[in-house]
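The same subunit A turns up in both complexes below, where it pairs with subunit B and then with subunit C.
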Partner chain A sequence: MTWPKIMAGALAPLALAAAAAFGGISEVKAFSVYVSNEKDNTISVIDSESLKVVKTLKVGQRPRGILLTQDGSQLLVCASDDDTVQVIDVKTWEFVKELPSGPDPELFILHPSGNPLYIANEDDNLVTVVDIENNKVLAEVPVGVEPEGMGISPDGRVLVNTSETTNMAHFIDTETFEIVGNVLVDSRPRFAEFTADGSQVWVTSEIGGTVSVIDPIAREIIKKIGFEIPGVRPEAIQPVGVRITKDGGRAFVALGPANRVAVVDAKTFEVEKYLLVGQRVWQLAFAPDESLLFTTNGVSNDVSVIDVARLKVVKSIAVGRFPWGLTVSKD
Partner chain B sequence: MPGEIVLPLRGALLFLYLAAAAAPAPARGAVDPANPDWPCIQRKVPEISAGMVWAGPEVQENGRAWKESLRLAELTAKISARRLPIEEAQNEIDRFATDLGRDKNEQLTLLFTGVLQIINAERSEIVAGIERYARRQGALASRIRAATAELNTLRKKQNRSEADAAEIKALEERLLWDTRVFDERQQSLSYVCESPVLLEQRLFALSRRIMSQKSSVAQSPQPVP
Partner chain C sequence: MSIVGVHTDTSRQSEPEPPEPEPRKRLAALLAATIIVSGGLGFAGAGWAAEFARIPIAYLSQVMERPPKLSNLDLPPEDQGLAGGRLSIADNNTTGRFLQQEFVLEEVEVPADGDPKAAFQALLDEGKQFIVLRVPAPALLELADMAAGRDVLLFNVGAPDDRLRDADCRDNVMHMAPSRALLADALAQYLAWKHWPGLFLVVGRRDGDGLFAEAVRRAAKKFGNKIVEERRWAYGPDARRTAQSEVPVFTQDVEYDALVVADEIGEFGEYLAYRTWLPRPVVGTQGLTPTTWHRTHEQWGAAQLQSRFKKTYGRWMTPLDYHVWAAIRSIDEGATRTGSAGFAAIRDYIRGPSFELAGFMGQKLTFRPWNWQLRQPVLLVSPKALVSVSPQPGFLHPLSLLDTLGLDEPESKCRIP
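== the complex of A and B ==
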């Protein structure tokens, strides 16, 4: 049996389940997955229906962080080695403008209202706040050494930035642009993700090999999640990207060169399963209805597709070299 | 005097080299506290374990059973070798799987075990080589630092003798040569650090193909072009 046939079989129940979840809407809307390829300086565009790359776009040097504007019309890409954020129109594929990003932008996040943009400047120990409509830098917030992970509370009031070398999660007030608290986490924190209800922020530590679940009000660690995979050496377990379902039931944690995604019960913090995806799994993104989870695999140069309901890896899609970040359109 | 022209540049380069060498660190990113001398951005993973690339049945990682079958031993060596293009190696796996009978999964698991061992052995040698490389760079940096200090002392000296002048010249020449070697080695670092990664890619691609041939394991689909 060929893979398209297997996929058709595997995805049909998904489509039905998703349609049922939407209360009788008869079809699942198609969407696109945009993947930044760090070494090729390109963006791969994957179509959700064929699960194939339908377009490859040349961008600036060392593209890493990637996001869509809230209306989905523009793609923002951190071109890290060009010290800029490029803005691309997703209909015409034309470069619209560049945003003043500060040096070496790596990861960024949009305010829930769609503006401004908060950018981690890895080489300059800053978080740059940019108004994306009028291209203005609103603030530069000094943070720890090598800032990277960026999470924002659902109400937009608190920004969490992690600094790789200082090993801290910095809590920044988005009105005053001041650090209001720091939480020490394990070595080389990489990524911060709030739960949809804003009650927790999950911070991954790449070298520490853990995820710290933090209460953002008390700014205390509630739980530290560790990972053990039979047949995998502990030093290969390097948590990076994390995504949590909207209902707060499950979290998925990318474990870097362990080549696995950990499935975590987000209520009990127990690891349910480890899914073998591709090599050096880095960042994760859900389909709009959370039926699928996409992973970038930086060494095997592909994107794995996980069926979230069945907790199975259903497909691998070859993309450019060193796929790093990814984002999914709403439609 | 040509030495006068190159010195400012050399001074600037030296500063950079010594800054880098004083704290041997990956080209980018934070230092791994467990392996402070490891020079690559990729965190040091001494060995690829089965669980990192294999979702099939349990593997005896040090098992030797694959060596007992001539066909398995030959195939394992053939597909592990980097000179064989990966597509051809994958075709070899497909051909091998087609002929297998009831013990298909067992044979495929043995094939994986052999590939894992061969590629890991080669990779370990490369990892050890990278560490030697980093140590040599560290030693060279110390030598450059010492020569620079000596040169500075001699230059500050009042009433320099002819022997001093000769010594300055000799030190300048040595520094020029050492910094050039250091620079070239430093530039090769990212290439050197890629070598273990290339082997990991091959191991994973082979493992995926072997898993796709296993009748009971549908864990690891092949990439679509």
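== the complex of A and C ==
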């Protein structure tokens, strides 16, 4: 089953406004948002046109990390408690195969070329590199305790993995599979995201309550961003997911049990605004044209939709229990 | 000696030292957390030491005597505490690989009727500076005084006595274990939040029961609950077969909301639930119980520590395992953040304002500078469910909500210089 491509004229006023705000975009394609529900063992599929769940798919146990292949034809899901990565055809919804993921896969990322896949094996202190076409493990890289966050440079040369109990961002050469450097960050680093130009990598620290902006060449922290929200106790501010606009202008940081997404000026590193979303906001994903940002809210069991141009939360969509990760199709 | 390979004070002197393993092999072995590396700085291999800075840690534990009990259903694991320490060392060495730091654990066990002082003195003579202690309060005070004035930092993982965080506090002891007051406050907050203020306190015959009862009374006053009745269960475990007739009579003629039981070793507390005259919940040392770690705890990444522990040791992690894990992780935090293996740098970091420990409790854990108690949330559990986590909503504090639990600065008579 495919999602119909719809012209802008047929879209909800919300999407129209967003498209208009981005100027020059006369046509917006419908897309799908795939959400992994950690406690339900399902994937919720949200249609961008109706902003409703149109399908719920049963998958393996404790689904967390979720990605689409480069061509958008297959969905990859970390079924953490089944110690596997499941591959699902998004047209037929059939399981195509399982990838040799190593134990307890939590988060993963694809090489910009579409292959290989780099998987964080949380229980075994490893990053597993898998050729997704041949189903072969290319390498296992020993990293720190409880590896989780995975970021890759736009040129595909440097992989960054964060280890939650070691509190480091490990820089891994994707040719040699060797760790070439480690940057100590604040407690419990959970996510790593490169800027589109590759000049910075942003690493969130959940317990430390900060975001470290790292120069990946010098492998030094150039700025540590902190957060203060009136009426929210500092311990509740726990940064997890982060996404940065392609133009490098703005970053959005999910703040966990603070139930807010921080909007950060990515040039000055100043926090511009906090957007109230659902409870325990975890991961973030942009619409293909960056007009919308979707958030998974683990405790309120919903997805918040943020209008990126207006910096407003415009909708919340009920999904399964403990929504964890999400990914968005190109069309 | 029940634990294989543990070195007592005497065996340490006489046993031949194991050959120095290859660096990589040793790391692998440490990661597997199965071997015990004995000795300290004294026999560090030259090549290895040149590359890796070594941070020796000692775990001194006195076996607790087990009097005849109600039940042998849940025997304490023989490696309780030790397993937490070994896992922590393995975690630290995974991190240490990137910083050229190596952590080594020396394990010393003293029998229940033994004297931990001699074993402790031997550790001091060896130059051990970080020592994790699982000994009763009187021994802890003696050992702390033996180490006074030296460059030694102690971690209390077993003694819950409030006096150690109060008038009898010592500047060289960091308390990983919660005090009875901390646990009782966590429970009292929940009872207040539930609007179950009327408490019927049942106290066992042992010293610890009296101390727990004292903490319950203090907590009731602090959070506006009321002890409406207090009775002493003096019969120990003798009612094993007659509880159905004894307990209703014992609990008659009182109006209350919850029955709080003070029975730390589990002599009779399990008899009470479902047998009280009035249908009321049982809380305290049995029933709904305050604790730092439990097999039902899976939030905030705890599932990962649980799973790592269970895979390695084939059993669930206990609170004592968790306290030892947290103590050794704290030392690592000091070593990692300062990039140093030196005692002063690590100690000052642990006791300084930047210290924060990610302990799978949903927020950073820090130390109270007035008595060195670890600030920590408390789980309220029934045998197969996590019921709640304190502090409860609405109990406010100007500094940290965690300071609503246990001896807050104005409440503590501890005056660390």
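By definition in this document, the second predicted complex is superposed on the first by the 305 of 331 C-alpha atoms of A that agree within 3 Å, B and C clash if a C-alpha of one lies under 4 Å from a C-alpha of the other, contacts with A are read in each partner's own complex, and residues count from 1 in each chain.
What we mean here is this: a contact is a pair of C-beta atoms (placed from the backbone, for glycine too) under 8 Å apart; a residue touches a chain by one contact, two chains touch by 3 or more.
In this text the structure is predicted, and so the values were computed from the model without any measurement.
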Clash or fit, subunit B versus subunit C on superposed subunit A: clash
Subunit B versus subunit C as contact partner of A:V96, first or second or both or neither: neither
Which of subunit B and subunit C A:I221 touches, first, second, both or neither: neither
Which of subunit B and subunit C A:L311 touches, first, second, both or neither: neither
Subunit A: partner with more touched residues, subunit B or subunit C: B
Which of subunit B and subunit C A:L138 touches, first, second, both or neither: neither
Which of subunit B and subunit C A:R188 touches, first, second, both or neither: both
Part of subunit C, among the options 95-103, 113-121, 131-139 or 185-193, whose backbone runs into subunit B after overlay: 185-193
Residues of subunit A contacting subunit B in one complex and subunit C in the other: 145-146, 164-165, 187-188, 206-207, 233, 235-236, 238, 257
Interface residues, subunit B side, partner subunit A - complex: 29-30, 32-34, 43-47, 49-55, 58-59, 61, 197, 200-201, 204-205, 208, 218-225
Of all residues in subunit A, those that touch subunit B in their complex: 3, 6, 51-52, 145-146, 164-165, 187-188, 206-207, 229-233, 235-236, 238, 257-260, 276, 278-279, 299-302, 312-318
List of subunit A residues in touch with subunit C within their complex: 104, 122-123, 125, 142, 144-146, 163-168, 170, 179, 182, 184, 186-188, 206-209, 233, 235-236, 238, 257
Complex interface listing, subunit C residues touching subunit A: 31, 91, 94-95, 97-99, 301, 304, 307-308, 311, 329, 336-337, 356-358, 362-364, 400-401
